[in-house]
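Have a look at these structures, which come just after this line.
Two complexes follow with chain A in common, the first pairing it with chain B and the second with chain C.
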Partner chain A sequence: MGYTLQFGAIWASFDKLMSGLAIGLGLAIAAVAIGTCFGLLAAFASVGLSRIGRMIVTCYVMVIRNLPLLVLVLLVYFALPQAGIRLDKYESFIGALALYSGAYLTEVFRAGLTAVPKGVVEAARAIGLTRIQTNVFVTAPIMLRNALPSLGNTFIGMFKDSSIAAAIAIPELTFQARKINVDTFRVVETWIVASGLYIAACFAIASLLRRLERRFPKF
Partner chain B sequence: MENVQPLLEIRGLHKHFGSVEVLKGVDLTLRRGEVVSIIGSSGSGKTTLLRCVNLLEEFQDGDIVLDGETIGYSIVNGRRHRLRDRELSRQRSMTGMVFQSFNLFPHLTAAGNVMLGLRKVRRFGKEEARSIAERWLSRVGLASRSDHYPSQLSGGQQQRVAIARALAMDPKLVLLDEVTSALDPELVQEVLNTVKGIADDGATLLIVTHEMRFARDVSHRVVFMDQGQVVEDAPPAEIFGNSRSQRLAEFLRNTRT
Partner chain C sequence: MQTFLDQVWIARWPLWDGFLLTIEIAISAIVLGTVVGCICGIQLLFGPAISRLLFRLYVDVMRGTPVLVLILAAFYIPSVVGISLNATQAGILALSLFAGAHIGELLRGALQAIPPGQAEAARSIGLTFPQTLTYVLLPQALRSALPPWINTGVELIKGSSLLSIIGVGELLLKTQEVIGRTFMTIEFYIFAGLLYLAANISLDQLGKMIERRVQGR
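Now for the complex of A and B:
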């Protein structure tokens, strides 16, 4: 006996899936934007002069990398209100994903930093730039270009991980798909369409990023 | 009275890396407008000396006085303290440094390389910085290359951009560390000519070089270093004439072959 695929009911709710996709993208963009700030600060601290700074970064990266994202999301969602910090579920999820991506980006940026030639940094110091100016105007731009491909991959990873927001009832793509399942019972069709959307979106992001990389040629 | 006070005075400079003593009490004086070349065998401490003057290295004892200001350290209650980053940066901006390996900023164009220090250290506006940069790039013969990135330039052109970058800051003193050693032989002369040009314009230069003929042609004085010490300090005619010390004679014999 065969299962006959019927997509009709899915197309009727296609706009919900698309709005779910948009929410997922929005969550990923916000989280990676904030995570990039965390990652930059942490990467510079990890090669910086302050020993306490280096220790904090080591702990941050170690804790986050050993924690499943779902657990981190639930922890932030349920624990912060107990600590008196009121966040809506979007803010809480973006915060968790930012922490998560920040730890991975720390590694990405640290690798990018070690690839910045020492002599170039010394040249910046030699013309009288302060340590901070050197970081901002010389080290960071070179490092970001080194890190661009990995940064793109991390972004795609975070977009896929935005599906975990379904666990706290954020109406992104996975959540919408589950809802359509309940309403239509076309379970297989729904997941086929949802998968197609994830794949198409990731593919589109990847080709955008490739274009960006070409805009900024390797040195 | 200006000639009384030297522009750069290094007194009893001691520097060690861990337990290895690299500079063992170096004394050296430069007057304004003077061109001094340092020669000496590999490992004698020439690069380290320049890096101390530009405060890229710390040193353990001695003084470096630039235009009347003791740089790098302050003495408080008889103890030496390394100055703060901001202060060190200000003092570094008074000397220019040209490196053996160019070290251009790869993400900036030739003009951008020259402009960065003008904008962020000298605080010039964008237009003014650009016009100073263009002027220096044409001075080193690269007017048409100002929008090229370092990766689009030959080694000789990159080194000339580096020279423009150092000189545009209007430093009191320019340090040049084997600026032609990393170049293909056919590109050496264009860079040496550029250095000769700025020397003729009256810049004060401290040059580490293995180009003996260049040292003889361009310098007012030549300093021979050996094992972390200044062994000879004399006009080129004397250094390359009847060499007095045996170590210098030996060094010159080895480099001429």
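Now for the complex of A and C:
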């Protein structure tokens, strides 16, 4: 024992931690933005008419949800070059996280879709909107509003998972914390500060999302 | 393909050991996490104010921090405060704390979802609080908490892959070692992925089977 807390060394490299936090947020935003496209496509396909489409979506969701993210990241970063696809570490991590979040978002959007009242869709059809118009102007907005809370949770989850980028040497928060840990040996302080930053960021995102939810009243 | 199968055959024992260690880690973490989670869930609802506050803090900290940060913290911190844990023990500690918080929160939710009439009825026929908990509330709560509990198990198997970063020789690290020797990157990562998939899907199916048994009664 006899360990005394000294935060001085951590504050000295606090800017590195903050830049790491920004990188983590950037990775999560990019990945969830792409993942949202995947998720929307897959969700519409999973309630669509094509049987093959539904089967592909089921397989995609099942495989990704049961695969560790780290395996996916390593596969994209280290294995794809063997197949002739070269991505830098940021691209490959965003790609892997987008694929990963896409599977979770598929579930989120599918739940949102099934919660759209049938009467609304029938009403849209009755006033003469085409199928595509109904989907774009009626179903999609209601579905997005329904899915907003889970979408927010998925985003927070993906932000936390951006820590795995440290495994392929992307200098985000966990990577920087580990470096400071090894450089200064202020072990306890480093991890207190790093996890404090993650928690603060998660709470900030959560309260921001709650304000967004209040802006758009539930249908 | 033939050479890949040969390489798998050559590496079968390391890969098998890694797979077993992955399963062992996940089982230890779910057992310890369930113990912590049961205490945590009951304390969150029925504990005195001070322990409610402490457990709420514990749950929020664990749920707000990435698993990888928990693992690294559990790996580095014990040694400087004079506790010696090896990498595997540190990893199990981190995963158990993580699982404990999640299970605590989902048990709290399940307990809260039981209509208050149940507890009132139990009190009115003269059961003490521990009796109410063991004979009335927990059996119902555990039943409805089963699906998310299985889900936590899947998360733990997935999370155990992160222990490769602190040098625990589980499936992913063994795979990386084999890749370092054979340079068959795609093949072996996909192979490891399939093993994880098989473990998780069978756990999922097991969960569904138990669920059907429990709900059938």
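The definition used in the following text is that the second predicted complex is superposed on the first by the 218 of 219 C-alpha atoms of A that agree within 3 Å, B and C clash if a C-alpha of one lies under 4 Å from a C-alpha of the other, contacts with A are read in each partner's own complex, and residues count from 1 in each chain.
Criterion: contacts are C-beta pairs under 8 Å (C-beta built on N, C-alpha and C of every residue); 3 or more make two chains touch, one makes a residue touch a chain.
The structure presented is a predicted model; accordingly, all values stated were derived computationally and were not measured.
With chain A as the common reference, the superposed partners chain B and chain C fit together side by side.
In the superposition on chain A, contact is made by A:141 with chain B only, not with chain C.
With both complexes superposed, C is the one of chain B and chain C in contact with more chain A residues.
Of the two partner chains placed by the overlay, only chain B lies in contact with A:117; chain C stays clear of it. Touch criterion met: A:199 reaches chain C, while chain B stays clear of it.
After overlaying the two complexes on the shared chain, residue contacts for A:131 are found with chain B alone; chain C is out of touch.
Judged by the touch definition given at the top, the superposed model places A:164 against chain C, while chain B stays out of reach.
Between the Cα centres of chain B and chain C, as seen from that of chain A, there is an angle of 110°, stated in steps of 10. When the two structures are aligned on the shared chain, A:52 is found in touch with neither chain B nor chain C. Shortest separation of chain B and chain C in the overlay equals 29 Å (C-alpha atoms, whole Å).
Chain A makes touch with chain B in their complex at residues 117, 119-120, 122-131, 133, 137-138, 141-142, 145, 219. The touching residues of chain C, when paired with chain A in their complex, are 60-61, 64-70, 72-73, 76-77, 79-82, 154, 157-162, 164-165, 172, 176, 179, 185-186, 189-190, 192-193, 196-197, 200-201, 204. Residue ranges of chain B in contact with chain A, taken from their complex: 54, 56, 85-86, 89-90, 92-97, 99, 101, 103-107, 116-117, 120-121, 149-151, 162, 165-166, 169.
The part of chain A that touches chain C in the complex is made up of residues 1, 3, 62-63, 65-72, 74-75, 78-83, 160-164, 166-167, 174, 177-178, 181, 185, 187-188, 191, 194-195, 198-199, 202-203.
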